[in-house]
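Some notes on the structure that comes next.
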Amino acid sequence: SPEEQHFQDKIDNDVKIEPKDWMPEDYRRTLIRQIGQHAHSEVVGQLPEGNWITRAPTLERKAILLAKVQDEAGHGLYLYSAAETLGVSRDELIELLHEGKMKYSSIFNYPTLNWADIGAVGWLVDGAAIINQVALQRTSYGPYSRAMIRICKEESFHARQGYSAIMKMAFGTPEQKKMAQDAVNRLWFPALMMFGPSDKDSVHSEQSMAWKIKVKTNDELRQQFVDQTVPQIDYLGLERPDPTIKWNEERGHYDFAMPDWDEFFNVIKGNGPCNADRMENRRKAWEDGAWVREGLLEHARKKAARKVAAE
Amino acid sequence: MAEVDKDKLYQFLLRMGDNTLILGHRVSEWCGHSPVLEEDIALANTALDLIGQTQMWLGYAGEVQGEGKSADDLAFLRDAWDFRNVLLVELPNGDFGRTMMRQFLYDAWSSIMLGHLQKSTDERIAAIAAKASKEAAYHVERSSGTVVGLGDGTEESHNRMQAALDYLWPYVGEMFASDEIDLAMAAAGIAPDPANLRDEYDALVGRVLDEATLAIPAGNYVHKGGRDGRMHTEHLGHLLCEMQWLQRAYPGCEW
Amino acid sequence: MAEVDKDKLYQFLLRMGDNTLILGHRVSEWCGHSPVLEEDIALANTALDLIGQTQMWLGYAGEVQGEGKSADDLAFLRDAWDFRNVLLVELPNGDFGRTMMRQFLYDAWSSIMLGHLQKSTDERIAAIAAKASKEAAYHVERSSGTVVGLGDGTEESHNRMQAALDYLWPYVGEMFASDEIDLAMAAAGIAPDPANLRDEYDALVGRVLDEATLAIPAGNYVHKGGRDGRMHTEHLGHLLCEMQWLQRAYPGCEW
Amino acid sequence: SPEEQHFQDKIDNDVKIEPKDWMPEDYRRTLIRQIGQHAHSEVVGQLPEGNWITRAPTLERKAILLAKVQDEAGHGLYLYSAAETLGVSRDELIELLHEGKMKYSSIFNYPTLNWADIGAVGWLVDGAAIINQVALQRTSYGPYSRAMIRICKEESFHARQGYSAIMKMAFGTPEQKKMAQDAVNRLWFPALMMFGPSDKDSVHSEQSMAWKIKVKTNDELRQQFVDQTVPQIDYLGLERPDPTIKWNEERGHYDFAMPDWDEFFNVIKGNGPCNADRMENRRKAWEDGAWVREGLLEHARKKAARKVAAE
């Protein structure tokens, strides 16, 4: 159709699609899924880090971690707002999450087990997220692209803080170094999974690339992450979590092992180490908070009514 | 600044810093579990401000004590009986209503106290108070708004807020208890006598609770024992188990 | 007794002792909070038996390790990653139904395991198992009775027990996972290969759940990582904060 | 009346009153109140000690504490059974407790704040309880008297264990000794309060003495406790928690200061440091457990019905 043609032309010419523009239903649906998942990830992502807020070892570390978690909740807000421009409400999206009909990043189904995990999450998880998000700054949907630009600034700050936290550990006492190594060992492959399945197995990729909802392929982004991270691991004096990692002169990239995709799909299906707990936590928070949301809403109604009555 | 007993000044600073430390910790327990995303953000922000204030109060306390202790040493290496926070701030969070009511009852005191401390004869204290005052003013605006919204909301939210107030009110009086430390601070112009802040507090709190359609409970029994360390609640010890874990399990590390 | 790698034997003993230590701790959290006085007594009694077993297992583990460590040293001075309990026992109590279902799923395994261990070629282990077996037989009788009573009770109690089973079932498989430590124990006649206990377990558990009108959930995913320490749950660290507090805060004391 | 005369004759001749015997309504009511309060005290008394079970510093201390708390729950059972012989059910008594219409010993409204408190509770609180209970072995109501005999055996074991625990602390490191001193300082006066108000202010005493529901006066028992405990404090090398304590050669007893009775009556009224938390805990346990009690009852009904059907 001419609408479709016009739409694709804009995309091809890097003109952003805006909320009021015509767009194919599939584009809208795909974006809602992707932005919604991204928003949910920010929200659920508070939990593994929140797990250590009450045990942060110094006041400064506690402040840094609080600020980070606060930022993440803020990112959740931007992203829900971006999704709302596509005609779906935040509450609808949250309901879909709680019913298990929408996902969040599989990384947050892994536990944070020692203090170095907090550094590693900032460094590896936020590091991986940034690589995804930097690419997405050029995504075709305007509100999403603008949210990404805003989020990226804060995320790169988090990644630097995470690296500095794990540096303290890697260069600290033997126990601290052991914690750092343990964290990297456990989080390396889950971080690689954050870029999604290999291009050949990725269901949504081709159409998303054409629509510039995605801008780079999963494997390209993963390679970029590995290339950037391996020298950092080496610098920290930690063992590489994957013994097959090796510089490939010819490709100009590191070779590395793929994560266990069976595990990945199992986590997606709900069988990750923390899926049940994360969702139980989120559902409980939502249900326990119902009276608060209703109370504040009712107060706003009363206030508005009083204002009308006074006019 | 008039001469003042160093140990008394140290105790005063602990009281200020332990209040913000323990309340900041309690508020941070909400992370990721609040009723709505905006509240996750607000609570994290409140906790962050309180931890920031703690760094200043306990940092100065360590200097006054003169044993080379950092704010972190004081926060993470004292046991319950050495803490000097009021009992109010160590009480468990309860539901969101109890948390916000506690916050409001504290914020109201804190905003008034810090206002006076800006005029302290101790320049360090005046400077800390100047910075913290801005935060406290924002906190009390926010928490009073929530107390009003939920008090004057649905029947359930009203009842929960009234129950929170009934539970917490007996802990309010401790913030205004005076002892020889307070009198020494007042005499030196370092800090106001807390007893003198009560009228201002009652006016502020009364106005907000009124708007929230909540009633201050009858009975004037006051739970004390935190700010002089005589008798904390059982809750503080459990809180410290978590808060101090890493410093206790791995002593002498840099983090 | 055949020659066996000392470190493997130590690991095996840790697995036994950490199971009872952590489960005993969890059960003891109920103290004074159970649905009825008889259950307060029964739960305290179960916890007490488990702690007693812990003293024997970890006491022997310390001897085998040969570094002069007592059962208390092992219980109170290791960090989470050195614990070797199955994930099942570190999961939070949840409601009473989840606690009793976890207890039953563990007791069934424990009663079978201890039965075999009575025939261990290691006399110490055989002796510990002989003593612990009697307790385990009583525990499984009790917990299976409660599972049946609540499963085949009201609609609410049935639903809660089914939810408990759904939540806990993925953690059952870890009790039957075999690795080189288990194979070494089996080869030396010290302990059975856990994989070989599964049929007996399924028969026992199947019979009880059947009577309880509860259905084993579909799906055969198994959560592991506790008994080899590869990946505990986030819950264990919090548990240790409390459990180890005094030994960490006041090292080197006699209590 | 002749019934009353006969009843009082039995009492005066130390013949036990048994459940089926005639008894004055006031005697029954007073006993229900006293035994019920005693039962509630055992149950609520689990909480301050339970507060340290998860933090017991060694496996042996944990086992000892668990065994003690288990015994106390058991004492609660005996006592509820004794009360039931007077025609009131356990559930009725629990309801009265939860509605604030029945009390429990004021001592359990004080917090346990350091590990030495656990020793001090065994030594001072159980020590005081035993003095009450030894006297009550001779109480006129048979079931109550027999429950007391049974309970006393276990309690004196607890008191010895408590003393041995605090001995470790008093003879331990300076910090441990400080904990022991802190515990004694905080618990001394609340322990004295356990014997009730001074005889001159005690409302129920006179009639209870005549009925041999009470056998010694509050002040007699309190003196006995002080005389027995002060030498123990001295032996531990701790400071006496009341500087006015002094041996009175003439009386052959220690003189000592009375506790703050205003505080006592405030605690009774509900204003003690832990009243609100203790009752919140007990009510929550009861409410959360409703489905369990109902489930087990329903199962018993089904089972009975099936048995009948099969016959």
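Note that the chains take the letters A, B, C and D in the order they are written out, and that residue 1 is the start of every chain.
We adopt the following convention: a contact is a pair of C-beta atoms (placed from the backbone, for glycine too) under 8 Å apart; a residue touches a chain by one contact, two chains touch by 3 or more.
All figures in this text were calculated on a predicted structure; none of them were measured in a lab.
Asks: Note the shortest touch-path length, in steps, from subunit B to subunit D.
Replies: 1
Asks: Taking each chain's centre as the mean of its Cα atoms, which chain lies farthest from subunit B?
Replies: Centre of mass proxy via C-alpha means gives C as farthest from subunit B.
Asks: Could you give the separation in Å between the centres of subunit A and subunit D, each centre being the mean of its C-alpha atoms?
Replies: So the centre of subunit A lies 56 Å away from the centre of subunit D.
Asks: What whole-number Å value describes the gap between the mean CA coordinates of subunit B and subunit C?
Replies: Those two chain centres are 42 Å apart.
Asks: Would you mind pulling out the distance in Å between where the CA atoms of subunit A average out and where those of subunit B do?
Replies: Comparing mean C-alpha positions, subunit B is 35 Å from subunit A.
Asks: Going through subunit B residue by residue, note those that touch at least 2 other chains and give them in order.
Replies: Counting only residues that touch two or more other chains, subunit B contributes 79, 241-242, 245.
Asks: Touching two or more other chains, which residues of subunit A qualify?
Replies: Where subunit A meets two or more other chains at a single residue, that happens at 55.
Asks: So what shape is it, when you link every pair of chains that touch: line, ring, star, complete or other?
Replies: Topology of touching chains reads as other, fitting no named class.
Asks: Which two-chain combinations qualify as touching?
Replies: Per the contact definition above, the touching pairs are A-B, A-C, B-C, B-D, C-D.
Asks: Show which residues of subunit C lie in contact with subunit A when the two form their complex.
Replies: Subunit C residues touching subunit A: 79-81, 167, 170, 219, 221, 223, 225, 231-234, 237, 241.
Asks: Which positions of subunit D touch subunit C when the two form their complex?
Replies: Subunit D residues touching subunit C: 43-44, 46-47, 49-50, 53-63, 66-67, 69-70, 73-74, 76-77, 80, 90, 115, 168, 172-173, 175-176, 281, 284-286, 288-300, 302.
Asks: Quick check: in the complex, which residue numbers of subunit A touch subunit C?
Replies: For subunit A paired with subunit C, touching residues are 48, 51, 55, 111-114, 182, 186, 266, 271, 273-274, 276-277.
Asks: Quick check: in the complex, which residue numbers of subunit B touch subunit A?
Replies: 21, 25, 28-29, 31-41, 44-45, 47-48, 51-52, 54-55, 58, 71-72, 75-76, 95-97, 146, 148-150, 152-154, 156-158, 160, 242-243, 245-247, 250, 252-255
Asks: Touching subunit C in the complex: which residues of subunit B?
Replies: Those residues of subunit B that touch subunit C are 79, 238, 240-242, 244-245, 248-249.
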